[in-house]
Structure formats: structure tokens, C-alpha cells
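We call the chains A, B, C, D and E, going by the order they appear; numbering starts again at 1 in every chain.
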Amino acid sequence: MSLMWYIVLAFILFAIGGVTVVVRKSTIIQLMGVEMMLNSANLVFIAFSRIHGTMSGQVMAFFVMVVAAAEVVIGLALIVAIFKSRANTDVDDIVTLKH
Amino acid sequence: MTNPYVPLLIMAAVAFLVSLGGLGASAILGPRQKNRVKAQNYECGIDPSPVHLEDGRFPVKYYLVAMTFIVFDVEVVFLYPWAVSFGLLGPFGLITALVFIALITVPLIYELRREGLEWT
Amino acid sequence: MVPMWTDIPWLTIMVAIPALTALLLAVFPALRAHGRTVAVIVAVVELVLAIVVAFNFDWAAAGSFQFVQAWEWIPGLGISWALGVNALGLVMILLAAVLVPLVLIATPQGDARREGGYAAWILLLYAFIVLIFSAYDVVLFYIAFEAMLIPLYFMIAGYGLGSRSREAGMKLLIYSLLGGLVMLGGLVTILGNFAGTENLFRYDTLSQVLPGASTGIQMAVFITFFIAFAIKAPMVPVHTWLPDAAAEARPGTSVLLVGILDKIGTFGMIILCLNFVPGAASQARWTIVILAVVSILWGGFAANGQKDLLRLVSFTSVSHFGFMVLGIFIGTDIAMTGAMFYMVAHGLSIAGLFLISGFLIERGDTQEIAGYGGWQRVTPVLAGTWLVAGLASIALPGLSGFVPEYLVLMGTWKASIPVALFAVLGVVLAAMYILLPYQRIFTGPKPDIDVPDLTISQKTVVTPLIAGMLILGIWSAPLVGALQGVTEATPSALSDISASTNEGGN
Amino acid sequence: MFLREWGSCGPRRIRRYRGGVTVILAATGVQADFTQETWWITLIKALFIIVYLIASVIMALWVERRGLARMQTRPGPNVAGPLGLFQAFADAGKLLFKEDIWTSRADKFMYLLGPTVMAFTAFSVLAVIPMGPNVSLFGHSSPLQLADTPVAALYILAMTSLGLYGIVLGGWSARSTLPLYGAVRSSAQVISYELSMGLALVSVFLMTGSMSTSEIVSTQTTLWWCLPLFPAFVIYLISMVGEVNRLPFDLPEAEGELVAGHMTEYSSMKFGWYYLAEYINMLNVSAVATTMFFGGWHAPWPEGLIPFMEGGWWGILWFTLKVWFFMFLMIWTRATLMRFRYDQFMSLGWKILIPISLGWLVIVAVQQGLMAWSGISLPVIVAIIAGVAIVAIFLISWLGDSKPVTTEEAEADEVFDAFAGGYPAPPVGDQQLPPSPRAGRATVAVAVGTAEVLEASDSQTLQSKEHSDE
Amino acid sequence: MESFVAPSVNWWILLPVIVVFGGAVIGVLVEAFVPVRARRTTNFYWSGLVVLVAFVIAVMQWFEFSGGEVFTGEYVADTLTLSLQTILLGVSFMALLVFGDRSEMMDGAFAAQPADRPGAGEEALSLAKRYQRSEYFPLLLFALGGMMMFPASNSLLTMFVALEVMSLPLYILAATARRGRLASQEAGMKYFLLGAFASGFFLMGSALLYGFSGGSLQLEEIAGAIAGDSSMTWLLTAGVFLVMVGLLFKVAVVPFHAWAPDVYTGAPTPVTGFMAAGVKIAAFGAMLRFYQVIAGRLEWDLGLLFALLAAFTIILGTVVGLVQKDVKRLLAYSSIAHAGFLMIGVLSLVNGSAGNVAFYLLAYGVATIGAFGVITLVRRSDNAGTVAGEATGFAAYRGLVHRSPFLAASMLIFLLSFAGIPLTSGFVGKFVVFADGIAGGLGWLVAIALGASVATAAFYFAVVARIFFQKPEPGVAVVQSEGYTSVAIGLAAILTVLLGIWPAPILEIFNQVVILIP
């Protein structure tokens, strides 16, 4: 049954993404994990869309892409803001001047 | 061959092999004289400075462009299917698409007016 | 009786006046400076109203609810603003109407505005007291039951004498809220099972609906209600909040708390538990009776062990509440009537004990019994009145405590001789816990202090109380007669749960 | 200008589902006929594409160097072979035989992946470009096109975008400052111009109702889209130059600033692929331009001028000629224009190209919609749209002029400038001296004084503004 | 060739949402075109107007459609939708008042320029120039629009989009606090990551349900597929569970609550209030619909699991709340406990429980906005009288009654309502929801909830005791609001008491809230 393979693959991707979010410390990597989860869901949608022959799954996939994009935008904005603040609190400059 | 993607796969395989082959050929044909200085990063002959990304002083404008791009890229992605089935979707599709374009234009106007796209 | 008179919503007015006055005092700080005066006036008005109601009450039908007036409040949930009193409720209201002005007068003078605030809280509490004794709807009863914790908490935590008054207030609050929320569980059970019934929570509806419910529901309702009331009428083992609260609070607060509020527990047991789910009550009867006896003895022993005068007084109450609960659940009419009488009598005597102890502490500056000795010679009137109140509380014949205790014991004897024997032991303990402290505090060599005896206003407070004790001790027949009517109207704790289920099963 | 009926574009399958939304499945068919295709024909075509591209690049190198030299009145390469023709071969061979240096700090895998991806994507794009109609190939009827799909145009865009990874990976993996800057600049630039490029193409899709390249070419037998869609064509032309990082838009590898941008740390064939891929990408975008706007493999307009040369193998000739036309345009541009400043370049992309292409798209859509559903005649529509467009342009320019700077400059005046008179003067009355510029960046910004600056939160901006104001 | 049929759209029923979103878009244009000095004011009043207009329309629609007329499709306008939208608009209006208040210090809760590096020169400059960004008004409107769509969504697609439209602006808003910028940014980040994580679950669940239903995302059709004979029931169970996980995340049900305390603490206080109230209302609305239409049919498979989660939520919110020493954190844990209480109503599946949950949400939302409004006005100050950020430690609330009787009394009312003391709206909410729980056979859960209510009362009264019975300490100042926050607090207090004393009309209205279960 070929459908099962799509779903199994999607679940594996989903699990990898989920574990990434939980385990990794870097926010950018976590963001990538989230994207992976969303896209694994997309895979399921499209697989089912083919099987059932209805289009709403593909429509949903489109929406998910948009939302994923929006999430990336906001995530990046937050990461940049935090990165700026944190870099500022470091005393990098002093270290740099030492050597 | 009715599936149009099989030829594309063949093309991809060929292209990939050629690109790897070129690299392999030069590796085999070229001389090999290792040298510590030669393997250093290029910076006009002085000791290379640390990579800028690591001290967090990368111009934030690049991120802004990236974010704006994502928004507009998504817009374009939506416009493609609409454009292709323009005739089928009828006036409803046209009006919807125009509203969509208008809504995407609002952030562009906002960004322009607030000089988010100024690089000076 | 003029018909028009019964159309006036007397009870609602009696709830509204103190509540609104309290609100006014809260909103206008200027008025608060005269808060005590305002409160006394309101209390007197209330007393007059209570008397008017009492005169219009049909004492011949003492067990039925009168002055019933009901408006739909939250019809979707079957909750209505329904007020009505039977003889017991009316008597309790009268008791409150007597005690509240006395407490207000007895309140020591101090910062006028602060005392005004205290008076406002008392008025708010007063409103809830009237509401709870005249409620004709369980949810209304419950709302007053819970809401009165707010003024009470502020009165104890904000105006307490002790250094740990906030903790004591919190303890009271938590215990009472626990009880209240358990009761809420019962209410929710009722609503969950009978949603949609019109005026579901009215007493008349409930007394028809509930006996028809399944045994499980009846037991659930009974247990949840009983736990709430057991906490309120401090029964062992959930009594521990009372000594703390009483020791930390002002004596005036304690009077209202022990003299009236705790009676809500026993009141609820009679009006709610026995009326609505008598079958369940009969099943739980022996457990409760044993708990009651334990309370009697525990309270008695604990009172004997106290070093703090106010704690001692509060433990005597634990013992007395044991008698009341025993009377309610032992299952004989005599005992039940006795228990109701006990509620009134105890209200008077405990008010006397707390107030006079308060006067004493005002003078002696300590709550420790050991800090006193020979005060009889310094303040003879104080000592005498304290003794009278104490003797009334331990049921000396001729004083208010005697008749009810006798009735309860006799009723118990009829039902179960061993229980009665244990209960009698409580009487012996009572003699010890009143007479021993009297001896320690008031007898002995004259101490080297110079304090005045009771002031005029204090005498004004004490006189009616002593009078009440005497009157009830000597001329108890009318009250007994009236309460007997209530007893007859109340199902006894011997009702059969299965029978009632069968009756109302369809 | 619908030259064909909708129906002729191949079967469109439509499904309705219960939600009430109708969705069109795989909307358009493909014009080219691939039914007789076999795997070895495909393989031959693939190899042909590679050879074609490499040969073209070598040609392009020569043409560019000779052409530039002619334009700059100097000889150019003229030693190796006749007219220096072998110079390009020599250069290519030299790259192959040079030492393969691996920078010590580099992230080795990514370092290698960069040029590979670059070359791979560059080679792959041409797969969906039609070079001619069906011809007989070893007894099989086969189009002169490796493959086509209903969304072939998406494939092109996807592949060009993927090429960006080659640049970014190359710049990042070297762990060196200049390549990194080059890569970041390049990615910002490519994505910016990709937008206007994509938007320019949308109007073509709208007119043809298809994203299949062979279908798009087949709609251009009589009229090339570059004429009716002239604005889109111009936008595409500009964007394509930006997309391939050519002068005047070659900021990522601006020699004066970044040595060679992302390629700085590469040598030998790794550099070779970058270099080659750049030229292949030029060919690619030219091929796309040809396909989308220039009639693809069709003989030059007007149709029938040279009918005997239309169709069959002639397609490759016309196609190659048209591609070289665009190639020459790019070389010509390089000789003519100076390199843009980065901010000018980004402004051009975001403030001019994208709004214009959006506006143009709206105009095309409205015009098509009115044509199809309102029954108004074409001249009237064009007149109305032209009027609206003029008013809109006027409005936009008016809005653009009245920048809020004026109000906020007034605010800026409140800050006391000790050097206003050309020499230092002490503050008078309520005036307050701004803190010393040496105290930190904030003070620098005070000297600038406009609230607009606040919105540019990046510190470099503040500094540069300071210089420009002084 | 079949042609495309344009869907017919009932614009009137969409009007409140359209007004809000349109208002938000115009708000963005205001940001673009109005001169810097007038921007904030313009957007403030504009947002208020938008919310009011939408509110009026929603109320009008209520009277028009309360007869039970329902429009379905992707967007369903039934009594549940309309009542929750009305509540959301009302609550948001109060939240807006708190948003717009800068207090007498003229600073407000939002960063002058969130992009500034905290503590850097840029920020000092922004502050010195009294620069103030005001994008948070349109952001609020966008989030509000999403919230309004959330309970109205009749398909998983709309629900997902609404979920994101609601959440994305909140992620940004959470990161824009004027003070405690690092904590605020961290809050935004945390909220974002966990929120996105949760949407992943939601989405995977939707995908599985899509597969199960045979190719539909509409709730009714999925429910129809459950009724029918199906082989792949694991798709259904897993799908329902995952979708519920996504929703439970939003309302902070254990074990998906981890974000709530940090985010509540770090976010600007007006945002915390808006978030706590709005997200709960919207997400519980959506959960009601989803659970009653679909998940409720799996009661035997998953009902107990969710009930257990509710129990853990109640217990954790209560127990951990007991040891808090910070008001914002306390309210965060209290909100977790309230989520547990609300779950009872959702899980009970009794006729009319939806309306009761709606009432609870109204009570909770109003009191929450008010309580966080109070928090915005209690500030730290030094000996010189310089007022700084909010003082949220318990110690700061000592003797609040002496500083501001109004705030003290209002806070008392809100805390009493949270505790569920009679004569406040919180009591009525608990009463009706718990009764549903009993009727729905969740007696044990109600028992736990009642027990927990006592414990929560302990921590609310811990605050009350400090407010009323302790001496004020130096280092704290109560600032005057510009008026807006005071109005919001007063309104919230009045509503809380009014709904406690006379809830009959509102309950009557919410009685009509039913979900059509296919």
C-alpha cells in the first residue's frame, strides 16, 4: 500500500522536526524543526489529496506554505531582535581589542 | 514516456555527474603542493580577520529584505495559478485576485513610506 | 393582622437596609467617620423591623414558612430571590437583631474612621445574616453563606486584636471556603441532575424533587451539605479554625461569629439536610451522633486545657455545638426541639461570655488566664455577670442553658442510653471549664491594680443579655412551643431513605 | 489578445467538491508531443544541452572579451588562434589544470557543495526550454526540447532560485569575510530581482493561460509577447541582468570592494564552475526571455516572412540567434553602464520594478477581464486604463514627494547644533548641548536628528547618515 | 467543459470580521501616511472606533440570527460564533483602552522602538525624543480578527488560518515591552516557538482527519465519516488527538502549558491581559466546536484522557500557583487553573454547556483585562520619586488600599471573581460549568475542581491580605492613568459584579448558544 509509505515518511519527518524543536538549543534550528513539522503535514495532505481525489488537501497545503512563510518572517524578526540585544550585552569589543 | 518528470530526472543526473566530473577532473589533473599559507583565507596577505557573522554585526537590512521577500514570494506563488486559470475563474477570480494584490500592496506601501527599504 | 402588611417585602427590606448602608459607608469616607452611630441606628431599625415581623408571624403555624416572597432571579438555573421564614429562622433573626446592636455598642472607641469601617463590615455581615436565615432558596442561602466570608475575613484579618490575626482570618476563610465549595458540589449535583426544573432551588420545589432522586444523589447532597455545615458549626475534627479565629478576633467579632454565624451550621442541618434528604440523614445518623458526642467531650476536655481565655470560651462552644448536633440527629422530637432552643440560648450565653471576657481583657491587657487573679474584688460587677453568663452556658437550672440541655439529654436518653451517658459527661466537664477559670481569674487575693468596673455603656450591653438568659431560663414555654411546631414540620432523622425513594420514584 | 481559444490549450479537468469551491486540476496540457520519447533520446538531448551550453559559454567568453574590446577601442584577445578565438579554450583548460586548493577554515562539505550546486542548476534549466518543434529523430517524432510539464515555468524559477544556494553556500562555507559579504549581498539581490522577474512573467501566464513552455511558445506564432506586454518585457530584461549578477548589477563580486565575492576562496575547477555557471545563467535567462517574450524557436516576426525557414530543425537556429541577441544586450550593457551603488540597486528593485510590475499585472488583468466579461471594446478599455494609470502615476509621484521628512525635520531643529554657524557657539537659554559624539552612537544620531533615522535601527546606517549630513 | 462557479458569499454575516480586518489594514496605512506626531492618537481612536462598530454589528446580527438560523460553509455563523465574537469585541475594547493608556508618566507599556538594542544609545535616543511606535494597534486588530474567526471556523482549513492569524500578531506584541526588554523578547520567542510547534501538531492532526474523512476538511463531513463505516480508525483517533493538542496548547492545558508563565510575565502587561482573555475565549470557542462536533464522538476513546489532562491542569495550576511570589506569574498559573475548569464545560457534552462555557469565558475575560489593567498602574519607584516599570512582586501590593482605594477595591473584585466567590461573575461561571460537568458524568473532575478552588482562593487572598492589611512599603508608586485604563478597570469591575448579581439576562442569551451537531 503506497499510501502508507507517504504517511510513514511524513511521520518520520514530523518526529525529526518535533525532536529538533525539543532537543536543540539554537532558535534557528528549532525554527527549522517547526518548518519540517509543517511540511511533513503537507506531505500527508497531498498524499491523501491524491488518494481521495479531492483538492482541499492541496489548497490546505498552499495555506500551510503561506503560514509557514509568515512564521518564518516573524521568527526571523524575533531572532534578529534577540540576537541584537544579546550581542550588545556581550563584551566582545573588549576581547577583540586584546589581541 | 508520458511522465514528464522522468526526462527531468535524467537531465538532473547528467548535470550532476558533469558538475562532479569537472571537479574530479581538476583534482586529478592539477598539481598538489600543499602549503599552510596557501590554505589560509584571502585577505590581501594579512592575517585573516574573524568572520563577521560571528560577532553579530551584520546589517539588519538583509534580514528585512529576506522577510519582505518571503511575503512577496508567497504572493507571486499565489498569482501563478490564478493567472493560468484566469479565464476559468471569471470575474470572481479577478476581483479576488485584485483584493489580494491590494492587500499585499499595503505592506509594501507601509515599508516604502516608513523607509524600510532605504539602504542609506 | 392587616393584609397589606404581609405584602410588604419585610425580609427583603431587612436585607437591603444594612447592605445599602454598608455600601454608603464604603463609598463616602466622610460618612464613615460617624459609621458607628449610623450602624447603631440601622441596627435599632432592624430590631424594630424584626419585632414587627415577629408580631405578624403566625406562631400557630410555626413550622411553615411565612412571609414568603419570591422573584425569579436567574430563571435559567432555577434560582430565585425567595425569602421566607419559619419560627426557627425568625428566632435566629431576632437573636441577631438583639446581638448586633449590642456588639456595635460594645465596640471600643478608637480611630473614628477605622471604627466606621468596622461598623460597615458588621452591617454587611448583618445583611448576609438576615439573608441566610430568611432564605427560601438554596442558592440564595449558599450565596449568603459564602459571601459573608468577605466581611468576616476583613473583620478578623483587618481588625483583629492578636498579632496573628491575618493567619487566623486566612484559616477561617480556607476552612469555610472548603466547606462552601463542598456544598457547591452538592448544588451543582442538584443542578446537573434536575436542570430545567422551574424554580429548582426553592425550598418547596426541592423538598418535592429531592426525595425522588436516586439514593446516590441524595447521599451526595446530604454529605456535601453536611460537611459544609459541620465546618461552620465547628464539629470535631474540623473545628480548629474557631479557637484561632476567636483568640485573634475582637470579642465583638467573636460574638457574631460564634453566637450567630456558627448557628448557620445547625440551622442548615435542620432546614436543608433534614428537610430535603431525610433518608440520607437517617443513614448517616449514627456516624453523626458519634461525631457529636466526640465534639462534646473533645470540646470539654480541650476547654479545660486552655490557658487563653478566649480560646477557652471558643472550645466551650465546640462542646455546646456537639449537644446541638446530637439533638438534631438523635432522632427524637424532644431532642430536636431542645437543639433549636439550644441555638438561641447558646447565642445569648456565648455573647455574654465573649463580651465580658473582652471587657476583662481590655482591662487586664492579656488573654492569659494566668495573668489574672482576685479580680472579683476589683471589678465585682464584671465578675458577677461573667459568672451568670458562664452558668447559663453550663445549664444551671433557672438560666437559659438549662432547658435545652435537659431536652436534648432527655431526647437522647430515649433514643440511646449509652450516648446519653457520654453526653452527660460533657455536663460535668462544663462545670469544670467554667468554674475553674472563674476561680483562677476572679477569686483570690486582691491584685494590686486599679481598673474601673464596667462602664455605663458596657452595662447597657450586658443587661439585656443577662435579662435574656433569665427570661429564657424561667419562662421558656412560648419558645419551646413555637419551636415544637418546627420540629413537627421537619422530617426526623429516622426517615427511611428507601421508602421515600419509592414514594417519589416516579 | 487572445490568439487562441481557451479550449485549444488542451484538456482542462475540473473537479467540484462538496465545499462549494471549484478547483482546477492540472489546468493546461503541454503543446509539445512527447509520446514517442525514449530514454536514450532523452539522454542524447541531455548531453546535447550540456555540450550546447559549454560551447556557448566558450563562445560567449570570446564574444564578450572581443566585443568589449571593440567598444572600448582596444584589440582584446588576439594572440591565441585566429582573432584570438582559442583564448577561451585556453582559459578553460587553465582552470582545469590548476591546483585544487582547499581553504583550511572552510566547512569542507559545503565548500564542495557550493560549486556543484551552482553548475548543476545552471545546466538543468535549459531542460524545459523548447528549441524547436517535433522533428524526426532516429525514426521517432520528438520535440527539440528535453521535457515539458504543465508547470515548466515553475521549474525554471525553482532551478534559478536553487542556484542561489550555490552562491550562499560557497560564500558561507569559506568562513571568510569577503565571500560572506558577497554571498549575503548576492542573495538579497537575487531574491529582490526574482520577485519582479516572477511578476513580469505572471502577465505572460495570464495571457497564455499556461505555464508550459511549449504552450507559451505556441501562442507566439503571430505576435511575440514582447510587444503587447512591453512593460513586462522591459522589467524582465532588467531583472534578468540583476538575477545573474551582471554589470551594472554585479555588486556581489564587485572587485574593488569584495575581491570576487563568494568566489574569492575558490580556485581551479571549483572556481571554474562558478565562472562557467555565471555565463550559463546568462544563457539561461536569455533563453527564458526568448521563450516567454520573443517567440521561442519561431522564425522572426512577422510570420511568413521567411516561411521556408520556419519549423523543423530551423528552430534551433532561430532560438540560438535570439538567445545571442540577449547575450549581446548584456555584453553591451556591461560596456556601457557603470556599476550601481548597492542602495541604488535595491531601490531600483523594490521601489520601481516591483511596484511597476504589480501595477502592470493589475492593468493586464483588468483589461483581460473587461474584454472577456464586459463587452467593452478594446480601444475604450485601453483608453480608460491609460487614463487611470496616468492619474495613478501622478498620485504616486505626488505622494512620493511629500515625504514626512519635512515635519520631522522641524522636530530636528529643536536640537541645538553648536556648529550651526560654522564655528562652535555656546548654548543660549533653553538650548541644550547634545552629548559629545565620542560618547557613543546615540549622540551620533542626535546630531542627525531626524526621527526617520530612528527607524533605521542598524548602526551602520546611523554612521553613514552622519557622514552624509556633514 | 465544466466552468467555475463563483461561491456565493454572505457578506453581511462576515461583516464584523471584515470590519476588524479592514480596520487593521487601514491602521497600517495610517502608520504609513499620518505624520509621526499624530500616528499614535489617530490609530488609537481609529482602532477603538473599529472595535465599537464591529461590536454593534455583531450585536445586531445576534438579534437577527438568534432564532437559530445558521450559515455554514467554511465559516459558520451560529449562536456560538456570534456570542463569542461579541464577547471578544467587548473584551478587546477594554484591552484597547489599556493598550492606549500611557499613564501620567506618558510612557505606556510598549517599547518606544522595539528594534532598538535594549540599553543601547539608540534606545536612549528614542526615549529622549519621546518617540513611540504605534503599530501595536493594528496588530491588536489583526489578532482580534483571527480570534473572531477561530470559533467561527467550520473547517480545519479556516481554523488553522484563524489560529495563525490570531497567534502571529501576538508573538510580536509579546516581544515589545518597554521595560524588561530582554525578558519580553524572550517571551515573544518562547511563545512563538511553542505556538508554532503546536500548530505543527494541529496541522498533522488535520491532515490525518482529512485522510480519514475521505477528502474533506469540513467538520460536519468528518463527523459524518465517523458515523459511517470506516477502516482506518487510527487516523481518526490520532487526528483528533493531535488537533486537540494544538488547541490545548493555545489555552495552556497541562502538559502544554510551559509557555504560559514566562510569556505572561515577559509580555507587556496590556498584551498579557488581551492575550490571556482573548486567546482563551477564541481557542475555547474553537475547541467547543471541534470537540462537540467531532471529538465528542470519540468519548470512549479520548474523553478520559482529556478529562485527566483537565484534572492535571487544575491541580498543577493550583499547586504551583500557591508558591508564586509575583502577581503576573500568579495570574498566569491562575489562568492555567481556569483553563482546567473550562475544560470541564467543554468535555461535559451536555446540551447548553457551550453557552455556559461562553459565560465563564466572558466572566474570566472581563476580570482578566481588569486585573492586568491594575498591574499596569502599580510601579516601582526610587527614593527620588522616579517611577520605573511595573512592580509585580507581592511585596509591591502591600497596602495598595492606602495608595489607591479604587485600584485596591477593583483588584479585590477581580480576585474574588477568579476565586469564584458568590456575587461575582466568576461564581456564576463556575456554578454553571460545574453543573454541566456533573450532568456530563464528570463528578470526580468537578470534585477536584472544587477542591482546587479552595487552594486557588488561598493564593488570591494572599494578595488581598497584602493589599488591605499591610503597611505600604517605599519603592512602589501608583501612577495615575490617562483615564483609559481607569475606565477599563472600572468597567471590568462593574461588569464583574453585575454579572455576579444579575446574570440572568446574559445567561438567557447564552442559553441559546447551541452547536448543531450533525
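The definition used in the following text is that contacts are C-beta pairs under 8 Å (C-beta built on N, C-alpha and C of every residue); 3 or more make two chains touch, one makes a residue touch a chain.
Bear in mind that the values here come from a model prediction, so they are computed numbers and not experimental data.
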Which chains sit in contact with both members of the pair subunit C and subunit E? none
Contact distance in steps, from subunit A to subunit B: 1
If you tally contacting C-beta pairs, which comes out ahead, B-E or B-D? Let me know. B-D
Which chain has its Cα centroid closest to the overall Cα centroid? E
Distance-maximising chain from subunit A - centres being C-alpha averages: C
Find the geometric centre of each of subunit A and subunit D from their Cα atoms only, then give the gap between the two centres in Å, rounded to an integer. 28
Would you mind pulling out the distance in Å between where the CA atoms of subunit B average out and where those of subunit E do? 39
As a quick test, compute the distance in whole Å between the mean CA positions of subunit B and subunit C. 81
Distance between the centres, which are taken as Cα means, of subunit D and subunit C, whole angstrom: 89
Spell out, as numbers or ranges, the residues of subunit A touching 2 or more other chains. 53-54, 56, 59, 70, 77, 84, 86
Residues of subunit E that touch at least two other chains are 3-4, 7, 33, 115, 117, 120, 155, 215-217
Which residues belonging to subunit D are in contact with no fewer than two other chains? 12, 14, 17, 19, 21, 24, 404, 455, 457, 459
Can you tell me which positions in subunit B touch subunit D when the two form their complex? 1-2, 4-8, 10-12, 14-16, 18-20, 22-23, 25-27, 29-33, 36, 38-43, 48-49, 51-53, 57-62, 65-66, 68-69, 72-73, 76, 79-81, 83-88, 90-91, 94, 97-98, 101, 105, 108, 112-120
The residues of subunit B that touch subunit A in their complex are 55-57, 60, 63, 66-67, 70-71, 73-74, 77-78
List the residues on subunit A that touch subunit B in their complex, please. 62, 65-66, 69-70, 72-73, 76-77, 80, 83-84, 86-87, 90, 92, 96
Considering only the defined contacts, which subunit D positions touch subunit B in the complex? 6, 12, 14, 24, 27-28, 30, 34-35, 37-39, 42-43, 45-47, 49-50, 95-105, 112, 115-116, 118-120, 123-124, 127-128, 146-149, 153-155, 172, 174-178, 180-181, 184, 187-188, 191-192, 194-195, 198-199, 202-203, 205-206, 209-211, 259, 264-265, 268-270, 272-273, 342-343, 346-347, 350-351, 354-355, 358, 361-362, 365-366, 368-369, 372-373, 404, 452, 455-461, 464-465, 468
Flag every residue of subunit E that touches subunit A in the complex, lowest number first. 114-115, 117-120, 155-157, 160-161, 164, 168, 171-172, 175, 181-182, 185-186, 188-189, 192-193, 196-197, 199-201, 203-204, 206-208, 210-211, 214-217
